[in-house]
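The data blocks that follow each hold one structure.
Next, two complexes with subunit A in common: one pairs it with subunit B, the other with subunit C.
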Partner chain A sequence: MNWEFIEKYLPLYQKAAVLTVKIGLLGIVFAILVGLVCAVVLYYRVNIARQIVSFYIELSRNTPLLVQLFFIYYGLPKIGFAMSAEQCGVAGIAFLGGSYMAEALRSGLESVEPIQRESAKSLGMNSVQTMRYVILPQAVSTSIPAFVANIIFLLKETSVFSAISLMDLMFTAKDLIGLYYKTTESLFLLVVFYLIILLPVSLLGSYVERRVRYAGFGS
Partner chain B sequence: MLDLGLEVLFKGSNMLRLLQGLWVAVKISLISIAVSMPLGVVVGSLMTVKNKFIKLILRIYLETIRIMPQLVLLFIVYFGSTRALGWNLSGEVASIIVFVLWGAAEMGDLVRGALISIPKHQYESSKALGLSKVQTYIYIIIPQTVRRLVPLSINLITRMIKTTSLVLMIGVVEMLKVAQQIIEANRMVSPNASFGVFLVVFILYFLVCWPISMLARHLEKRWV
Partner chain C sequence: MAEKILEIKNLTKKYGSQTILDGIDLSIDKGEVVVVVGPSGCGKSTLLRCINSLEDIDAGEIVHDGHKIGMVFQSYELFPHLSVLDNITLAPIKVQKRDKAEVKKQALELLKRVGLLDKADSYPRQLSGGQKQRVAIVRALCVEPEILLFDEVTAALDPEMVREVLDVMLDLAKQGRTMIIVTHEMQFAKAVADRVIFLDGGHIVEEGKPKEFFENPKTERAKKFLDVFSFDDYLKDGEGI
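After this line comes the complex of A and B, so read on.
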């Protein structure tokens, strides 16, 4: 292990890690929004929109992120949708993650007992209020484990960003291996940085999971 | 009319080459699944034993594999192990090694989950009925475990097929690589080829994975 090499290229990895986290988190935020909309559409069985959403979910769950990114980054500009690599990364994570988040939230919504909705109605709440104050909080708390699993999954998936020439951790590692043939050091740094990103999320996830368990009143 | 660059696919044997690329991806995942399923059953059964030491070792194995992105594992085996141990690995062998390690860990966790989900009274009732230990497993426990397991492991297969798209990054010539080659070769004649070709790759992946996940969902509804 050559520590000088590690010290010299540490900043490069730091920059790459920041980029990975930035794009990953932004993508995840969009994925949650997409998932929320899709789940509500599925829950209320809105016609036509429901078919579109189900088709989208099947499409995004049954194709790899790498293929989606290639299509967004290299394919779409040919018909006039050009985006920067960063925007493509965010769009890719949002497209892939949206369906996973939607599924997680949908099963959460379905686990809320019908009596909750009826009680809210008898208290004089309208349907928006019922959703906002009664159904969603319970649904979200039941889907927290699935949410955390999805967030970790999506952060791991960001490793393919190097294929659309984003300077992320994989890109940096591959570059250094190619340039200096310092394989062990480059891979060591790669693993360390992924651990720095993923371990806290995983630990925080299991902590939150234990805390947010107020679902299931009246069941 | 909008030029979608689809005509490239009908030139020469381009479509056939794409499908061969798809076959490489499917072949890698089929081999890995065939090896990792039995391994996963062993790992999963071992996870339910009472020995603390075995449990700890397997736990570490599972968590290590799980927390790393598959691409990082591919890099470690393809670049790292070849450098450290001085052997030669083709990209395909490296990816099969990674997918087997990963598949065995995931499958092991599924088997463990299915085994501990069998309520204790199933064991007790069969004992009360006078069944021997072997009989209990053959007639009571294994049939129920398998029913819970099959849909989940079919899902694992689709995950694996999707993940094979990553082997492009360690130089295996699979569908995405072939697609890139086709686009490069026709850059001058049909500049829009990257739309059409990547669209077709997208659809082909969907056509492979979608029926498999439909089957998994169907079985899940019928059996659980």
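After this line comes the complex of A and C, so read on.
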């Protein structure tokens, strides 16, 4: 192992890690928003919107992120939607993650007993208030483990960003290997940086899971 | 002449081809306590659910002139993610937009009245069934309904917890609340009711004062139903099956 090499290129990895986290987290935030909307549409069985959402979920889950990114990065500009590589990365994660988040939240929503809705209605709540104060908090707490798994999965998926020339961790490692043939060092740094990003997410996730496990109260 | 608070005319409810309620006519006066009894599947719960618009009705009408209706369920249906106090104050604060401090004060007073002041910060899962049901009653009261519906609220409780819930309901009756109660607790029905309605096959088969109904039921159907709750025959001849 060449430690001088590692020391020299450490800042490059740091920069790449920041980019990975930035695009990954931003994409995940949008993925959660997309997932929330889709899950509510599925839960209330809104006509037409429901068919669109189901189509989107199948499309998104059954195609690789790499293909989705190519479509967004090379395809969309042809019909007038040009975005920067970073924006494409965010859009890609949001497109892929949205369907996973939707499914996670939908199963959470469906785990809430329907009579809770009646209970809320009997107290005078309308459907928006019922969703916001009664159903959603219970659903989210049930869905937390799935959310955490999805977040980790999506952060790992950022490794295909190099295909649209984003200088993320994977790109940096491949670049250095290509330039200097320092395969061991480059890959070592790659693994270490992914762990630095993902381990805290994983640990934080288990902590949150333990804290909000109140979905079974009352029954 | 008492003031009429709720009037049900020719109420009909079907599930598919099955008629659950078949032309129910019923009017309730302010301050009246009406107990609805009948065999399972006779439509008692459906009647309450129709009154509270949890079910669409197929024919007839329910006139409550904007009087607010509250309901307590057999399975409590407290919100598991909220503390007892938040369960009670959620609707008054978020729906009725009432003053937070005032609602909280009212909630604590009501909790005190049902003997659960020390449970205000507990979560539903930390309570016994009887305690949960008393909280559910307080929660229903806190939105200040003019008519209270009770749907077999003691049916899921252990016997020793039934009493604590019934006592709360007796107390409410004494305060002059308008209540419609579906129950299988016949002794309680006798004690609390101003009027008993016997429902069978989606019809009101018999109605009357509790003493009359329980001691001298007029219809065969009601007699047969009430016999289920009595062990007199067994005690009389002392023989097994």
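One rule holds for everything that comes next: the second predicted complex is superposed on the first by the 216 of 219 C-alpha atoms of A that agree within 3 Å, B and C clash if a C-alpha of one lies under 4 Å from a C-alpha of the other, contacts with A are read in each partner's own complex, and residues count from 1 in each chain.
The definition used in the following text is that contacts are C-beta pairs under 8 Å (C-beta built on N, C-alpha and C of every residue); 3 or more make two chains touch, one makes a residue touch a chain.
Because the structure is a prediction, the values reported are computed rather than measured.
Partners subunit B and subunit C, brought together by superposition on subunit A, fit side by side with no clash. Residue contacts after overlaying the shared chain place A:Y44 against neither subunit B nor subunit C.
In the superposition on chain A, A:I115 makes contact with subunit C only, while subunit B stays out of contact range.
Rounded to the nearest 10, the angle at the Cα centre of subunit A between subunit B and subunit C in the chain-A superposition is 110°. Contacts of A:Y207 after superposition: neither subunit B nor subunit C is touched. In the superposition on chain A, A:G124 makes contact with subunit C only, not with subunit B. Counting the residues of subunit A touched by each of subunit B and subunit C gives the higher count for B. In the superposition on chain A, A:G75 makes contact with subunit B only, not with subunit C.
By the touch criterion stated above, A:F55 is placed in contact with neither subunit B nor subunit C. Once both structures are fitted on chain A, no C-alpha atom of subunit B lies closer than 26 Å to one of subunit C.
Across the complex, subunit C is touched by residues 113, 115-116, 118-126, 129, 133-134, 137-138, 141, 214-219 of subunit A. Residue ranges of subunit B in contact with subunit A, taken from their complex: 2-5, 67-72, 75-76, 79-80, 83-84, 158, 162-163, 165-166, 168-169, 176, 179, 183, 191-192, 194-196, 198-199, 201-202, 205-206, 209-210, 213.
Residues of subunit A that touch subunit B in their complex: 58-59, 61-64, 66-68, 70-71, 74-76, 78-79, 152, 156-160, 162-163, 170, 173-174, 177, 183-184, 187, 190-191, 194-195, 198-199, 202.
By the touch criterion stated above, subunit C contacts subunit A in their complex at residues 52-54, 68-71, 73, 75-81, 90-91, 94-96, 123-125, 132, 139-140, 143.
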